[in-house]
Each structure stands twice: as C-alpha cells, then as structure tokens.
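Dropping a structure here in structure tokens format, bear with me for questions.
Letters A, B, C, D and E name the chains as they come in the text, with residue numbers starting at 1 for each one.
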Amino acid sequence: MARKMNSGFVAWLRRDLLLAYRRRGEVASPVLFFMMVSTLIPLGLTPEAARLGEVAAGMIWVMALLATLLSVDGMFASDYQDGSLEQMLITPQLLPLPLLGKITAHWLTTGLPLTLVSPLLGLMMSLPSAGYLPLLCSLALGTACLSLVGAVGAALTVSLRKGGLLLSLLVMPLYMPVIIFGTATVSYAVDGLNWLPPLALLGALLAASVALCPLAAAGALRVTASN
Amino acid sequence: MARKMNSGFVAWLRRDLLLAYRRRGEVASPVLFFMMVSTLIPLGLTPEAARLGEVAAGMIWVMALLATLLSVDGMFASDYQDGSLEQMLITPQLLPLPLLGKITAHWLTTGLPLTLVSPLLGLMMSLPSAGYLPLLCSLALGTACLSLVGAVGAALTVSLRKGGLLLSLLVMPLYMPVIIFGTATVSYAVDGLNWLPPLALLGALLAASVALCPLAAAGALRVTASN
Amino acid sequence: MTWLSNGSPSWQWFHRLGSPRWFYHRSGRWLPWLSLAALLVLLNGLVWGLAFAPEDAKQGNSFRIIYIHVPAAFLAQSGYFIMAIAGAIGLIWKMKISYMVMKSAAPIGAVLTFIALFTGAVWGKPTWGAYWVWDARITSMLILLFLYAGVIALQYAYHSVDAASKASAILALVGTVNIPIINKSVDWWYTLHQPATIKLTSAPSMHMDMFMPLLVMIVGFYLFYAVALILHTRNEILRRERKTSWVRELANAKAGR
Amino acid sequence: MSVSQTPLLSVENLAFERDDSGLFSAVSWHVVAGDILQIEGANGSGKTTLLRLLTGSLQPSAGTIAYLGQSISACRYNYLTDMLYIGHQPAVKLNLTAEENLRWMVATAAKSNELSLNDALIQVGLAGYTDIPCYALSAGQHRRVALARLLISDARLWYLDEPFAAIDKQGVQFLQSCFQQHVERGGAVVLSTHQDLALSNVRKYNLSACAEQVV
Amino acid sequence: MSVSQTPLLSVENLAFERDDSGLFSAVSWHVVAGDILQIEGANGSGKTTLLRLLTGSLQPSAGTIAYLGQSISACRYNYLTDMLYIGHQPAVKLNLTAEENLRWMVATAAKSNELSLNDALIQVGLAGYTDIPCYALSAGQHRRVALARLLISDARLWYLDEPFAAIDKQGVQFLQSCFQQHVERGGAVVLSTHQDLALSNVRKYNLSACAEQVV
C-alpha cells in the first residue's frame, strides 16, 4: 500500500511525459518553435543588433507566455474527450496530486525547454551579456507559474469544447504580474541594479501558485467536468 | 442539381460559421486576446510612446501570426475525431472547394476580427498616424494568407493527434514572407514612401495561396486522414 | 488528385528501375569507386586550401573556413531541391525508392545547413565581432534549417511509413515553392533596413589561387553528398524491406560468413 | 430486365495490406439491388477496413471494386453520389443541435429525398430533442442523429459500420425495418455488426473465413 | 454470516434532475455480494446518468447511495478504492500502446491483483497488439484495452456502461464468464446494456419503468 500513497502524482506525470515524447522527433520541437518565433521578431522589427538587444528580454518573455498559452489549452481537452478525466475524478487519491503531476509534465515539456534555450535566443537577439543569468533564473521560476495558473484556466474551460482563446482571456490578466517581475529581473540586471528582489518576488509568486493552483484546478474540474 | 453544384463550399462555410457562432464567446475572443497581448507588450518592453511606436507594426504582426497559429491547429482536429472529415473525403464534390469553405470560415472568425481591431491596437501602441491604413490593408490580405498556409500544415498533421507545436514547426517558415511584406507595408508608409509595392506583393502571395493551398491541403488530407 | 493516382502501365520499366533491390545491388557496386573519388577530391581541396592557398590580406588565416563554409552552404541549398524532387517522383510515380531517397536527404541536408551556420558563426566572431547577425543570407539559411526540421519531424511523427513518406513529400514540395519567395523577401527585408553595411568578403574579387581550391572543394562536397545519400538510402532500404526474402537472404549470407 | 443483371456493386479478389502485413485477401462477392449483406468477423478482422475500401477512402493493395460494372475510380462522381456511409464515428458535431447537424449532412450530400428534417428526427425518436446541442444527448440519441440520414438519403448503396451500437431494442427493430424498405425500393445495404439480424433476406460474409455463408 | 446481510451497495429513493426537469426518481434497489444487476431502459432513459451518480461524479437531487451501510460521501476513500467504472468513453489514450495504457490505469487505480499486464492483454485477445499505438487498433480492440482492467482490478464493485459495445460474440461470452467469476469471488456487477445476457443470475432493473423485474 505504501507504494501507492503518492502514485497519483507519479503515474500522471509519467504518462503525460510519455505522451509528449511518444515520437522521437517531438523532443526537439519546443526548442525549434522558440527559435522560429525569435526569427520572426527581427523579421518583423529590425535586424539592427542594438535595437533588438533593447527588446530582447521582453520579447523572450512574451514568447514564453504565448507558448504556454498555445499548449496549456490541450492540457485537459483530450483527457476530457476520451474519458480519462472522468477516471481521474473518481480515483481515491486527492485530486490535486495527479493534477500537479500533469502540470509538472506540462512545464517539463514547454517551460523548461524554453528556459534552457533562452541563452541561445538571447544570443540571436543580441541581449547584453549581463542579462543571461537573470533571464535563465526568471524564466525557470516564471514559466512554472505560467503552467500552474494556466492549468486553472484550462480546468475552468475544459467542458466548453472551446478553443484556446477563451482560456487566454481568463488567464492573461493573471499572467501580468509574472511578466512584469520577469522582465524587471532582466532589465535590472542589464541596468546594473540588484536583480534579486524581483526574482524573489517571482519566487514568492511561484510558491503561492504551487500551493493554490492545483487546489483551484481540482475544484474547477469537479464543477465543470462532471457536467 | 444546379443548386448543388458548389454546395460543398457554401455548406462547409455555413457550418463552420455556425459552430463559431455557437461558441459566441469565441468570436469576440481573438480580438480580446489580441488586445490583451498588446497590453502585455508595453509591460514587457517599455512604456515610452516613441519607442513603442517604432516596434508597433512589427509587434502587431507577430501577434496576428501567433493568434492564427493558435487557432489554425483546431481547423481539422475535431472534424477528424468525430468522423466529419471522413465524410468530407467521400463527398462527390471536388475536395478543394469544401476546404476553401472551411478556410474562409476560419479567416472570417480570426483574421478579419484582428484586422478590424488593429487600428485600436495601433492607437494603444502609439503607431504613427500614417501607418493605420496600410496596417489595415496589409493585415486583411496577410491574415488570409496565414489561414490558407496554416490549413496545409493542419491537414498534414491532423491524424497525429498532437498539439500545435509540430504544426508551428511546419508552417512558421512559410509565414516569414508574409510578415516581411506586412511590416514593410507599414514601415514604408510611416517613412513616407510609396507603400503600394509591398502591399501588391502581399496580394500576389495571397493569389498564389488561394490557388495552391486548397489543392495542397486536399492532397495532404487524402494522405493523412485516410490512415 | 490525379498525381496521386496510379501511373500508366507504360511506366512499368521505370518502376523496375526504381526497385529497391535493384538499387541496392547496383549502388553496392558503384559505392567504393564513388567514395574513393570523393575522398581524393576532398583531400586534394583541403590540402590545397588549407596549406597552399595564400593568406587573406584582411582576415589572415581565419578566412580558410571558407573552404568548408561555402561548399556546405551550397550543398545545403541544392539538397533541399534534391529532396523535393525525390518526393515529387514518389508522389507521381509511386516509386518506393524515391521516398527513401527523400527521407535520407533530409538529415544530410539539415546537417550541412547546420555546418554552414556554425562555421559562419565561428567566422563571424573575428570578422564582425558577433556570433550572430541578422544578415539576409544568414537568415535565409536559418529558415532553410527550419524547413528541413519540419520535413524530418513529419517523417518521425507518423507511425505508418506510407503516410510519413507522402506527407513529407507534400511538405517538401510546398517548401520548394516557398524557398525562392523566402530568399527574395528576406533579401528585400534586409536592404530595406540597412543598406549593406556588413559585406561578406568580396567574392568576385577573390584571388584565383584562393578560388580554385574552393571550386575543388565544392565538387568534393557534391561527391561526398552523393556517397552519404547512397549510404543512407541503402540503410533505409534494408530497414523497410527487412521482411522481404532478398534482404533475409542477404542477412543470412552475411551471418553465414 | 437486363439492368438487374449487372450487380450494383461487385468486389473481386480484394486484398488489403498495411505496411507489408496482409489483413485480408481474395475477398470476392457482389451485391445486387435488393441485397442485404452482413460482414461478419472477430474484432480486428478488417470489417471497418473493408467498408472504408468500398467508400474509396482507402486504396486496396490488389483487386477491384466495381459499381454497375465500372471500376469505382472510373466513375467516381456517380458512385459517390449514390453511396451513403455511416461509420463508427457518426460525424455529429457536439456543439450543434440535432437539426443543424442533419441540415449540414444533407447539404453536403449529393442526393436527398423530400422528407423534412424534422420528420426524420421524429421518426428516429428524437422528438423534443431537436434543438438542444448534441453534447447533451445520450450515447444512443447521439447515434440516432446520424442514423436519421438514412431516412433522408436517396443513395442506393448504404454502407453501415455497426449501426446498432448503443441503440436500444426498439431502435434496432426500427432500423431493420428501414433496411427492409430500402432494399424493397431497389437499394442495397452492406453492414457490419456483431448482432444477428431478424430479417430473412440477409446474406452473411465472414471475413475471418473469407467466405460467404448462406443462412 | 452477518456481513452478507449489509448490502454492498444500496440505493434508496434516488432522483436526478437537470435544470429542473426530472430524469428519473424513486429509484431503489440494493446489490449484495454475488449480484449482477442489469440496468435496462430506452435510449436516453438515464442509465449512464445513474451509473455516474453511483460513482459519485454526479450528485443526486434526492435520495441516498450507501456502501456497506454508509453514505458514499461519508466513506469516500474506501468506496472509491473498492470501485471500478468503465464508461462509454474507455479512457484509452490513442497515442500510447495497449500496454502503456494499461500500466497507467493500474498505476492510478487503488487496488490491483498480481496478474501481469501482459497476461491480462493476452486474455482479452490482444496478444500481438500490445506494442502498437492504440489508434492503430480496431474499435473492438480499443475497448478491449479498457476491459483488460477488469482482469487486473481487485475492486468488488464493477460499474460497466455498455461493456459489450463493439465487442464480437466470443468477446461477449468471455466478458460474461468474467462477470460470473467476479461474483463468485464475492464481487458485484452493475451494468447497463441493451443486449440480453446469457447468465442465469442476472437481475434486471428497468429504468423507464423505474421498477425491478424478476427474470
């Protein structure tokens, strides 16, 4: 029985990772996606290194946000359709645990790759060198927040059979603080200021999200999915 | 029988519009999505009007592109799952016609609202006043291109039951010319140059896409969906 | 789609020509000679280029990267067309072997593109003082890498070999239509933003002693490309035809020895 | 009459393989106007695949399918116009109401008779459910929406993949009487199901054995 | 023994309404170890709704559901641990193989016996199909993946919503023998289906009539 205690978390985490990486080609695709979007930006704006460098951090953050939105939408949709969600709701485990497993899998497949390639993106967009470390740290914390908050939105909209746009509407306001502290971390660093305070705030946001979001998502799922 | 001649186009167009209307919240939401992201950008970048104005057109275009990506992914997915796509493939009509109907519906519910709301966004991001008309025109033509090209990507990936990342990988490189000509139209206008040539190029791209993309999508669907 | 329908019987000879087994045996005979030729030409070009060509007046020895960089960039671009043509032949005449060629061409092309980008980036640091610059040609090359990545990803995404082949052939064709458009538009974007402040070393005025080894290297790269493509394709043939009797016999013969 | 001599549909030596492993081969039978052919076989024996070959959405690896004596690729338009296929997935949009779904199905179909949509829905037992979205329907009601197409269609060839799935006993009887009427009007039905039909004129073809059985 | 006196599951005066229109009311029955209860009723009579009420994912508008004499909300953990529900939608992930699907199902389930996954899949007739993704399975094979849970589960209460859908005749027989074994081991089965079972000890409850029938 002890083996089973937290198996809700591990089982769902493992399953979602497996689903994400069913195909070999897939592993690279989040990384390529981010590289492509960061090619779009110079094409849309300007190829001049100096001006790109100014907007680099902000753009990478906006990108992270959009990539999360693009993918968080599907977090429960297919599970809802094929009945897996119903099964999740009637397991004896505490619902937030399997949900945290799913959210972790989501972050590992979107937020983490983005964080890891961000130095490369910074290079492509001529980010000043003082910005790399803060960018990496703030993305790591921030994208986890985005996944957690996104999960609540996804849970709220899952039974509506809607696209991701309604979801974006719900969660975007909640994303604002993340993006503000995230970009502040980098711009403080570039301007030579102490960038730990905004990073600490981001950390606090993350802590709060970890504590609250799975609960909120669980509540939302109980209401919407049993309809 | 005459009534039936092009009914593939009209029937699918009408159905998809009806579906979009059913999810009424949905129709407004590309617009809202768009507006929210453009409030994020000043947060991530800079609130200075002059500097915002410089990047405004590029940013609006990047957003339009991502919003299309966000939605094009679902163009065939639900039809594939519930068997409608199979039915489409065995109608006696020429396949590109119903496809064009679906693509038109997609543009009417995403590209068009974006285009219509773009002046407002320009205002929010302090776009110089010479840029409004070119922005409107270029978005109208460009988003149609995006829907058409996106449909080919969606057709290629429909049976894979994957999220939008693979699809983005396939179509994003094809989107690059659109964004280049689109932003060029606006920046020519802002710089006081004649902005008709880039717009004409965009028009040519659109013409070519209208001619080729439904064919390519039809070929792709025959390959992938019957699998 | 008429081009997806069965070819007419008069094309039967063509099919036999494209039979995997025939290709496997024929290419087995050519391969040693081709490899030898590629090796000789490449060695010749490298030694000539790296050891004997004169030093560049402005860039010193770092310019010698050109002997890798330019041939790789060249092949990366033609590789895409080779891949797309193979795909088109597959779609039109339903030749299995050409799908295999197409599948093999994708990773080779992607690696060459990456080499061009990488050598360019390494070269860029001493020349421009930055690893990455949004130059028109560089950007086109990056987009080409994405196009390759798309084809490769689609190949791996499908479980069914048949669907994977056809889907990526369609994508490769759509990509080919787009490559000229992309290149032109990127050029135009670049000139719009900056009137060519950064210039690549002036190619036309390149010294003949520098240029000849480059030409040799390009020929060598073509030969090398052919060898790599044939090797990959042979591998792919064995993988896809592993259930047929002739591959089994081949395996038994190998094991027996 | 000589018209009835040419079979409506004839299948000869049909074989299908996926990635070099054969599923079935040498399937031969024909269907004339008035026939009901039941494809039988264990799970995974290829019934659905066979029906999808008939609709032309899959290509056989060998053999021919002929409609009125002509290969179906040669007379594609006429064949598809005269055919109705309802598969495992009933092509019902969850966000639309039953009536809207049916209207769209009729609009994309090539041939249809004069029966009003509403009457068709009433006949399949959906009276009172016509204007609620289909996600609020039960499993059986959901399939009934798709089956209402049978009443409206004018196609002679019906291909039905497990039409009785999720349908209650009364519904099964109703469907069988539909088949009966259809074949009496000169149509033909090819269906796959694991249940036995209560009709007398049903021919069975067992796909596992690849042989036709006379009942 | 006095244990067998308290019914495993008892339902009293259960009613359900959606948006103020009643679906059924005054549903009462109980199930003791060894029972097989078949819920019958026309399409849309509320069988699926009733089963989902039993699993606790819907809330009744009146009445009680008791497990071993206790209300199911009072002993939620024990109840859910002892229950297995397989619905219309079989919760099978199309991109995973049959074995991966089953492994995940077992990992999230609370109780399971010692049967290996592979043996379970072989028993439900999926030998040779364990390592291909489930989208390449036929409709019946797809459902069999979900039904393999029955063999591995140690739960006493089985709730099955149309378990025979898409399953061939042999499969139906096999499932019935599974039910038989399960009730002989002291379990109980509540199922909804439109087909008649070949077992002798089946009790039927007709939801349209809201009354239990003795066969």
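Everything below uses one rule, namely that a residue touches a chain if its C-beta (ideal position, glycine included) is under 8 Å from a C-beta of that chain, and two chains touch if they have at least 3 such contacts.
Everything numeric here is computed off the predicted structure, so don't read it as measured data.
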item	value
Chains touching both chain A and chain D, listed by label	B, C, E
Greatest separation from chain B - chain, by CA centre	E
Chain pair bearing the highest count of C-beta contacts	A-B
Chain B-chain C separation of Cα centroids, rounded to whole Å	32
Distance from chain E to chain A - Cα centre to Cα centre, in angstrom	37
Cα-centroid distance, chain B relative to chain E, in whole angstrom	46
Rounded Å distance, chain C centre to chain D centre (Cα mean)	49
Shared-contact residues (touching 2 or more other chains) in chain B	23, 81, 159, 161-162, 166, 169, 172-173, 176, 180
Multi-chain contact residues (two or more partners), chain D	88, 94-95
Where chain C touches two or more other chains at once, by residue number	143, 146, 149, 153-154, 157, 160, 162, 186, 189
Residues of chain E defined as touching chain D within the complex	41-44, 46-48, 88, 125, 129, 137-141, 144, 162, 165-172, 194-195
Touching residues on chain B, where the partner in the complex is chain C	152, 156-157, 159-160, 162, 166, 169-170, 172-174, 176-177, 180-181, 184, 187, 201, 205, 212, 215-216, 218-220, 222-224, 227
Chain C-facing residues of chain D, complex	18-20, 73
Residue ranges of chain A in contact with chain B within the complex	25-26, 29-30, 32-33, 36-37, 39-41, 43-46, 51, 54-55, 57-59, 61-62, 65-66, 69-71, 74, 78, 81, 160-166, 168-169, 172-173, 175-176, 179-180, 183
Contact set on chain C toward chain B in their complex	1, 3-4, 143, 146-147, 149-150, 153-154, 157-158, 160, 162-163, 166-167, 170-171, 173-175, 177-178, 181-182, 184-186, 188-189, 192
